[in-house]
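Note that the chains take the letters A, B and C in the order they are written out, and that residue 1 is the start of every chain.
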Amino acid sequence: MSEASGTPLAAIDATGVARRFGTTWVLRGVTLRVAPGEVVGLLGANGSGKSTLLRILSTLLRPHAGTARIAGHDVVRASHDVRSQVGFLAHSPALYADLTARENIAFAATMLDRAESDIESVLDRVGLMAAAERQVRGLSAGMQRRLALARLILMRPRVLLLDEPYSNLDPEGIQLMNALIAEWVADGAAALVVLHELAPAANVLHRTVTIVDGRIEAERAAHLSLAAGGK
Amino acid sequence: MSLRKEWRRARAIAWKDLTAERRSKAQFNGVVTLAVTILVMLGFALGPDAEAIRNAAAGAIWLAALFAGVLAFNRSYQMELDGGALEQLVLYPGSRRAIFAGKLLANFVFVGLMLVVVVAVGIVLFQVRIPAQWPALIAILFLGALGLVTLGTFYAAMASRSRARDVLLPLLLFPMLVPVLLAAMEATKALLGSNVMGDAGAWARLLIVFDVIFLTATFLVFESVIEV
Amino acid sequence: MAGVATVSTVQVPRERRQFFGWFALLFLIASQITAILISPPDRDMGDLQKIMYVHVPAAWMTMLAPLTVLFFSVRYLFRKREEDDLLASSAAEVAVAFAGLTLMLGMLWARPTWGIWWTWDARLTSTLVLFLILAGYLSVRALIDDREQRAQWSAAVGIMGALNVPIVYMSVRWWRTIHQIQSSPSTVDPAYVIGLRLNAFAFLFVMIYFIRRRYDAALMERAAEHASEAAALGVVQ
């Protein structure tokens, strides 16, 4: 796939991705393509490998078979390039409990080489200015999720890999998440979102795919999924 | 990645580690108390004869620092593992060496402070006089701590993530520390024993060589160890 | 569509391996007999001195084997090929065996000679530390289940450990010298040199043979693992 041929480079391009844990194959050949500007929901039963797939796409894990490319970069051979494009939101907030909200963001800003002013603006955007000086240990799960979201904004991702991003969010938080996704997507970013239920993401999803038995089984347009029962 | 940016990242990591440590406090106090306890135990094992105790002072101090320090190294990665923060840390752009440098720096401050307390208590318990060349002693403590912390930070990156972390870290670390500990103990012994300054100098030079070798090697190899 | 990475299990013709094995064994026997026959009994130790023809070459191999581990560990980190990982670990296992042998013989020699089991002499002590370093390497391999992580971490531990071998030796020797302990009797009496050199080569051949045999076994194990994984995935290999 190249720009020259007229087909746009897929943001996420996975072919036959397989991964085992010990002797059990969790992913058995996942083939998936997400174009820039698309939001794809990833569904599947518990333990079906959704998080594993996301980890492989974000370069945290290597595939044991198959290939995956993010914005044209191979996740194994060009992992550094992939990392500069990807924004990964893990299921656990991945924050430092003894540091304040602001300190966590400031740390991320330094690691990402962002300006000081960005710290304030992202905290404001996610509505955590009031709680900025509180230690993460004392923040509710929903606020921690927002903080992780703030960090995600700092990353300025071109490809979003979100693992159950709506968990613990109140309705305002859900609105915030959807607004952000819409903004990123309008800018040309792509998103692969692991979901347990469709309802929160209904308005931003373009389509859903389901992992069954380690492979992508069904692809449906989002509104069809919802009509079929939302799971 | 420019060196100045890498240094900023390393500093940020060190600052983060030390701030978290300062706020939780539990670890430092616990580790220092443990070190002192070990010193006392060693005193019982080796004493009460004054001569024997005085000869054993240098060894006892470094061993106490070593055994207590082992706890410090695993703990430095524990905070990353607790929230799943290690994954995020690894995903940031920039070289892995900045992560190593940052953790090394934080551990050095931690262990250095602990060592100061251990030496003070050791001088009292083991009945040695504060040497006239105490600046030289400080230099030896610095160099010895550097070697200890370099290898400790390196191996803890692996051990802290394995099933048998409490056993694996000492098992890997202690044999590797033989040269550094020998040099540090002998130099300390020479200084505390009031005689042969020349000895301490030779050992100090060896220590510097060891530190340079181990720092270089660990920096080069760290990347293979931190990737999940 | 989904391919499984496999080790290219080179089927080395059995005959060649066996031939080398027999050669090494016969050479060893011949070297031992030669050395025992041509060297006179030592002034102090008498015939006990003959143990040196196993102990010293074993010690030399113990120093040599980590270099092998170092080489293949470095190569693994660059090429990421499973063969290099298996070679490094095979070398490490053989190294542990030789280290153990060296230590035991050293103790068997020391006891009748000086009346004590352990003398903290530079060579023996360094070998003991090396033994512990290698034990650490093997522990890492035993504790990690994920193949890639195990290979990466083993390589890192192997490289650091191998680098430390000369450093440990140097510092222990200096430690002994500083305290003006008499060094252990030297083995440079010319009457013994031929015997030692011969046996050094013999032990080298034996070590190479052991490493290759161990490596072959590891390769076969790995190939079987790959086959069963491919089968579980439902792919024809």
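In this text, contacts are C-beta pairs under 8 Å (C-beta built on N, C-alpha and C of every residue); 3 or more make two chains touch, one makes a residue touch a chain.
Computed from a predicted model, the values in this text were never measured in an experiment.
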| item | value |
| --- | --- |
| A-C against A-B, pair bridged by the larger set of C-beta contacts | A-B |
| Chain whose average C-alpha position is farthest from chain A's own | C |
| Approximate Å spacing (C-alpha centroids) for the pair chain B, chain C | 31 |
| Distance from chain C to chain A - Cα centre to Cα centre, in angstrom | 48 |
| Chain centre separation (chain A, chain B; CA means) in Å | 39 |
| Complex contact set, residues of chain A against chain C | 15-16, 18, 20, 22-25, 28-29, 62, 64-66 |
| For the chain B and chain A complex, residues of the former touching the latter | 5, 8-9, 12, 16, 19-20, 23-24, 79, 82-85, 87-94, 228 |
| Of chain B, residues touching chain C in the complex | 154, 158, 162-164, 168, 171-172, 174-176, 178-179, 182-183, 186, 199, 206, 210, 213, 217-218, 221, 224-225, 227 |
| Complex contact set, residues of chain C against chain B | 77, 129-130, 132-133, 135-136, 139-140, 143-144, 152-153, 155-157, 159-161, 163-164, 167-168, 170-172, 174-175, 178 |
| Contact footprint of chain B on chain A as seen in their complex | 58-61, 80, 83-84, 86, 88, 90, 92-99, 103, 107-108, 110-113, 135, 151 |
